[in-house]
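Can you read through this structure? Questions will come right after.
So that you can tell them apart, the chains are marked A, B, C, D, E and F in the order they are listed, and the count of residues begins at 1 in each.
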Amino acid sequence: MKSFLFPKINPSSFTWVRPEGGVISKVHEWIEPLTDYEKSKDAEVVVVGVPLSRSSISASGASEFPDAFRRAWKGFTTYNLDHDIDLADISAIDVGDVPLHVTDIRKCHDNIIEASAALHTSFLNAKVCAIGGDHSITAMMVKGLHQAKPNERIGILQFDTHFDLRDLTDNGPSNGTPMRNLIESGVVKGSDMYNIGLHGFFNTKDLKQYADEKGVNYITLSNARKKGIEETVNQCLDELSTKVDTIYLTVDMDCLDIAHAPGVPASTPGGMTTAELLDGVLAAGCHPKVKAMDIVCLDPLKDYQVQPTVKLGTHVFLTFVSGVMLR
Amino acid sequence: MKSFLFPKINPSSFTWVRPEGGVISKVHEWIEPLTDYEKSKDAEVVVVGVPLSRSSISASGASEFPDAFRRAWKGFTTYNLDHDIDLADISAIDVGDVPLHVTDIRKCHDNIIEASAALHTSFLNAKVCAIGGDHSITAMMVKGLHQAKPNERIGILQFDTHFDLRDLTDNGPSNGTPMRNLIESGVVKGSDMYNIGLHGFFNTKDLKQYADEKGVNYITLSNARKKGIEETVNQCLDELSTKVDTIYLTVDMDCLDIAHAPGVPASTPGGMTTAELLDGVLAAGCHPKVKAMDIVCLDPLKDYQVQPTVKLGTHVFLTFVSGVMLR
Amino acid sequence: MKSFLFPKINPSSFTWVRPEGGVISKVHEWIEPLTDYEKSKDAEVVVVGVPLSRSSISASGASEFPDAFRRAWKGFTTYNLDHDIDLADISAIDVGDVPLHVTDIRKCHDNIIEASAALHTSFLNAKVCAIGGDHSITAMMVKGLHQAKPNERIGILQFDTHFDLRDLTDNGPSNGTPMRNLIESGVVKGSDMYNIGLHGFFNTKDLKQYADEKGVNYITLSNARKKGIEETVNQCLDELSTKVDTIYLTVDMDCLDIAHAPGVPASTPGGMTTAELLDGVLAAGCHPKVKAMDIVCLDPLKDYQVQPTVKLGTHVFLTFVSGVMLR
Amino acid sequence: MKSFLFPKINPSSFTWVRPEGGVISKVHEWIEPLTDYEKSKDAEVVVVGVPLSRSSISASGASEFPDAFRRAWKGFTTYNLDHDIDLADISAIDVGDVPLHVTDIRKCHDNIIEASAALHTSFLNAKVCAIGGDHSITAMMVKGLHQAKPNERIGILQFDTHFDLRDLTDNGPSNGTPMRNLIESGVVKGSDMYNIGLHGFFNTKDLKQYADEKGVNYITLSNARKKGIEETVNQCLDELSTKVDTIYLTVDMDCLDIAHAPGVPASTPGGMTTAELLDGVLAAGCHPKVKAMDIVCLDPLKDYQVQPTVKLGTHVFLTFVSGVMLR
Amino acid sequence: MKSFLFPKINPSSFTWVRPEGGVISKVHEWIEPLTDYEKSKDAEVVVVGVPLSRSSISASGASEFPDAFRRAWKGFTTYNLDHDIDLADISAIDVGDVPLHVTDIRKCHDNIIEASAALHTSFLNAKVCAIGGDHSITAMMVKGLHQAKPNERIGILQFDTHFDLRDLTDNGPSNGTPMRNLIESGVVKGSDMYNIGLHGFFNTKDLKQYADEKGVNYITLSNARKKGIEETVNQCLDELSTKVDTIYLTVDMDCLDIAHAPGVPASTPGGMTTAELLDGVLAAGCHPKVKAMDIVCLDPLKDYQVQPTVKLGTHVFLTFVSGVMLR
Amino acid sequence: MKSFLFPKINPSSFTWVRPEGGVISKVHEWIEPLTDYEKSKDAEVVVVGVPLSRSSISASGASEFPDAFRRAWKGFTTYNLDHDIDLADISAIDVGDVPLHVTDIRKCHDNIIEASAALHTSFLNAKVCAIGGDHSITAMMVKGLHQAKPNERIGILQFDTHFDLRDLTDNGPSNGTPMRNLIESGVVKGSDMYNIGLHGFFNTKDLKQYADEKGVNYITLSNARKKGIEETVNQCLDELSTKVDTIYLTVDMDCLDIAHAPGVPASTPGGMTTAELLDGVLAAGCHPKVKAMDIVCLDPLKDYQVQPTVKLGTHVFLTFVSGVMLR
């Protein structure tokens, strides 16, 4: 990892204690904070926190998710009983949070791009997993990936209730704009984007028209259900993989039904069930071209006391890594 | 609209500002408060608030739903992405709330009957959508419809966990009685009522016996699931439409599973999922004989912070209107 | 009932008032508190509260469930509309709570064993339904059953997200250990245990290895869904019934998805839906060899205001009794 | 007690078990449900629940307070440590709740009047303590007292943030009207009313003008604080006792600061502290002419989890009874 | 008002309906939205919403307060019973919210400065009351005042638990910096700042040293209590008025004890009581040199259900205006 | 520190990162986890977590307080503005949590005694501050102190709503018994105990009689208020210091009014205000004979979202240490 990164990425503020006897059973024992680049440079999973939500259109506490996510680790084992695999068999590191600025959002976004580029340059074997934060970070993480690998064509698989194709002219790179940001900046083609989960009354007509103009692919939740979520994901990835070199998975937690995700203020009635999202994420994790992912728009301050949404967000990450192991 | 109505119906207390440039994208920009009857008399959708819940057996804040419903509009677009239709293409007005009395419930009920009659007389093209309030209002809305159109035979499609066939002798027209009220007053025949959603341990045996005596049709949730909710609704409506001129749809939100509808105190374990209810409501909205509907028993004071139930109640209304457009 | 039991079992602290006219319609009118053993000795359903949760690994208020369960009765009718049966047609008694000690958990466990043995000796026709409390009570209830009927081979059907096979050496008979406790004490063979509902990242690998060594049968939730919950349960019970004399059903409410069971702190994303659990419990209730059951790990202090989880726990019990009537 | 009362007053739905050994230490062991009038006719304290809140202007769950109040008893001892007295030394009974009608509020009010009259006729030594319910019940309780003792001039001491002098013409006897109701019906003179606690921006000017016209006495919270709450109360009672035969104390819990009484939706910033209210109530309880009291407008459905407001409402009652013992 | 302001300040999104008969009794009937500058230019009170909290160090929903504040108006009368004055006797307008940008915080701050300057230029008789938002807005409101009246020396009276003197170098003009911002920009001298309310462990030592260097005046809460809040305020204002032309009052709601202000995440144990703050604000309102004020850092998303903090924030404003009338 | 302690006391699970540049400004930067006894043996403040609440009579989550307490540190500076002192000027260490057993409460209590003895033996200059946990731990901490210093006579200053003098015969050393436990075991004389804060209806009469028999000193909250809390504390300590060598301060957070301490289920209406408790604790901290203290019965699981009670509990600790510095 380039040395310039070190002052940028804060080492995780959570202690990592090597488990007694070296036997790993819980997630917080498995994921090590980065302390020695040389030792960790072959890590297969890299976690980076991106606690930015002041770029969110509505007041959001999504900035609190990286911390809540790490605190939730001790409630999960590394052993995946469904597939009889142990996540502890692959190496994972936590590089901490991207440093952010309180009042200069542009600088925050620049730091995210720089961090993403550095991570993709420094950890060549890794799936880089960004823990948001709001959806504005996706454009920055993908731009950083593009900087690191300028010759690779990048495609996106998006689980979302929204297009996230709003115009940047009015309010800049907010959480409503990441996909348009990538199209307009030429980093990803509209036709290399696949959105699964649109439904109901949560997108204006002009965004649909923009999507059509740019060739953005979208499968409504209703249609995805008819075909099966897993099969839908696989078909999208198959199409994508004929076109692109690298696939970026972005999971906007607002794709979930609000009854299943109380800690996502933008989630809606009629969204995905937990089971559907986990099936979709597993399928995505299994695809060899998926090299990076993020989980965004989860606001722990609005979650219920027993933290169903924080736990679900954590489960999404573990499910993705399970997919990686099943490749 | 008859002039006597004007002192009765309060103009909605929510501002309506014509969207800039005249382009409608959100629900609150689409539904106009009634200000000029002549201009609005051909409206296809008429919303009326019925904030009455002091007639509820248990303490209820369902009186707060009309306001919460209107405040929720700005969180929904008029564009229905699933069916590529725009609700803004049909005209909709909000006539405000039926005026109610604090301590004279009978007067409240009389006002509701009168308002319903006036609306059905004045807006001949409209689907009248009553936003409750508790379930006692359904009997009054249907009685008003009957007053307005005395020669039309009225049938009812009811989504509910309960029969709502309690005896009125003991406690008058409470929220447990609307269907019996209509049968006993001769306004609707038992055999013209179709109840979808009964299940579990939430009705006493004598109500079932009364239902059988009066020929009330009911399809338990379990049986509806086996056949498919949409097909069940369609079959009920087909049967009904051979018998009646006009169908009234009543959605008691307590038909939902309590995990999906925390803001409905009477909802129960084992009820409908959100997806099932929305499918059923869409099917009902599509039927040409459905001319009026209501949404009742949603108590925003018990909803969670991000308001999943208020949002779901609003989605039910928008889904119904989508069905109307798809006719 | 043996006299030594009387000082042990507290009469329920809830009033039972014989309904006027003798017509039973609500659950609290049906289940009588035990006052006269001779009159009640043929009861078909016996409810016993086991308000112990200080044996729980995490801080738990599951000790509050027996009271909350009884208070919830008045919200349920005895009439099961789905199957047109009336629970009031079989006799049910509530023997109150097992007396417990504040600081001597071993004494608590001994009391539970003794109470279970006494109940199984005294009420020969009864299905004994223990309302926990945490999962540690299951080992005690089964040991009591074994004491009462030492010649009967006992099998267990378990709905659970966890194996509950933790080692007792470190921390004694906590809520993580009941199944291992029974295996190690020789009361139940590992191969006579059937666990339905395992999934995700909630069991360490060594527990899976222990389960395999001991021949514990487990069907993951994912596999149970593929086959159908009801069919899965029936197949387990069929296998069990070829081997054992008596089947004990234990429902750890943490088998549910956390979105459906907010009042179960250990519930997880990706668990059972309400409908799945109720289907499974009904099937278990129908089997003639199921003679006892428990419901554990439901913490009313963490439930939401409208008490979805307490109501669901109560529904599980009523569904089980419905199965008993359908045998 | 006159026989006509028996069908009206429901026996309390809470069990009363004579404490073992006859030693009373908790409040629920002290207050006996009425079962035998002859045995209880000399009771010094009579508790009656008045679970009416459908007469409240805003949606209210104050109807749930009588039950919550009784459930809270077990959290309080009868021993008053501050004054070294034991409430168990005087006799107290609970006559249950006044029967109410679901949809006929007038009938509810008539029942309350009748119950109050019967209680004041039947229990000649008692302080009758009405547990509301909303403030509309005060007018009815006082009217009943007047019916029972038509020759006694009645005065009122009121702790309140509001005058409760609204016009009855528009909306009938709601919770905003009890004092005017009593003035207009000639039951109590305005000049025999003393209101302590007014402050801030919670009364319209016309109500103040009406109060002045009718000679209603009021001491603002600010002035009461300057003089001292206890001294203020004593001075009011001294004045009153020169004029009237009987004093009725009404405690509208909305007199409290909203930070101290979250379960009172109408409480306000700037209201009384807990300590001030308890001091005032004790002083009132000590006065020999105070023969009846009520506690109103406490909505347990809005209280926080640990029930600070329900506990405070219960403490108000116990403090009043302490005053009675200190007379 | 200068025309350039019109595109900047949004008219309030809340309807204003002239009360029937012209009699004003509630706050929402009194404060008119600005529609005609000429008619309103002599308004004595001007309300402006400043819904900016993305400049807050911690995730904050203080941006939601202007809306919550306006919705709370209908719960307050204009009649101040404590002082027998009616706020309706002075004219008040609501100019709506300052337009803000989603991702450019500097632009937000510039807009606030510009709006403040325009308001102070356009409404020469008015007390301008800014409803935040976080505390960063205070620096901008004061800079705007300075722009409008460059020849007036400005002093500040601050109720706060914090100095708000953090260094701007690191993170720009966040909510931790407004006082330093004003000192460093030369707009207000340190010695013209008076802070009341500091206590406990909520300021680092270096901030105290900076305050001392710059001559900032501060009276700890403990010392203010000893002298009396009102007297403390009066003494500060007396000192200030010998030095400056205009005094700006800033009320950081975090000066309150966290038990009294649950909706202020930064409030602390040991802070002011409600009564103390209201006394202090009234005294400030009475001083003739106080020409502008703000209320900041109140986050309605964290308030409890009955909204004690939102109501308290509203009461602060009404108390200030009462002081203005009592001048 | 004796080596046997090392396997007993877990090092704190929270990371300690030496602040950059060595400048300490926040509490979490000041208190170091114990890593090297020799280096830390002169520490003036020793923090030990005692996460035991399964010995609580009612279900309690007080076991979660040590973790919540440590997480709260970063919200407090070390600089005490009221007294212009910096806590960072004295050395403080965190030795982690006493290891506890899940199902053997006696063993838990033995471990606490052993840990306390070891700490008092090993850190001769330290004030040992135990962070509970429930009140049963106080007896154990004091017994350990007695073991370590058998020749010192120990006195206790207790802030509490309760005597905590329940009989141990029935239910063992629960949270209702610590003072009696110490009297009966001969460790502390009744007459060397001073209880401040008793009030209301929260102690049975027999406990008062026991207290009187044993000569326990108690000043009711009402009497303490009359004299002043600080003066009351000083008088108690003066009396105590003539009799004993060492004073142990125990702060049962249930001494607070429930409106100020929602996260203490046993707190009551009419208890201490925050300001009163902090004044009392400061006075206690200042006394040279106070060598150890604890904070108990604070249940973070019941606290509100912004954690007023956890923050207050933390403030109590910091206030105590401030007192120590002011000696």
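In this section, a residue touches a chain if its C-beta (ideal position, glycine included) is under 8 Å from a C-beta of that chain, and two chains touch if they have at least 3 such contacts.
In this text the structure is predicted, and so the values were computed from the model without any measurement.
Among the remaining chains, the Cα-based centre furthest from that of chain A is the centre of D. When the contact pairs of E-F are set against those of A-E, B-D or D-F, over half line up by residue number only for D-F.
The most distant chain from chain F is B, comparing centres defined as mean Cα coordinates.
Two copies of one chain, chain B and chain C, touch each other, and the residues they use overlap weakly: the shared fraction of interface numbers falls below half.
For the pair chain A and chain D, the distance between C-alpha centroids works out to 58 Å. Averaged Cα coordinates give chain A a centre that lies 40 Å from the centre of chain B. Within chain D, residues 259, 301-302, 304-305 each touch two or more of the remaining chains. Chain B makes touch with chain A in their complex at residues 25-27, 76-82, 84, 86-87, 259-261, 274-275, 278, 304-306, 308, 311-312, 315, 318.
Taken together, the chain C residues at the contact with chain A in this complex read 198-206, 208, 220, 222, 257-259, 262, 264-265, 267-270, 302, 304. Taken together, the chain E residues at the contact with chain A in this complex read 53-55, 57, 59-61, 63-64, 101-106, 136, 171-174, 301-302.
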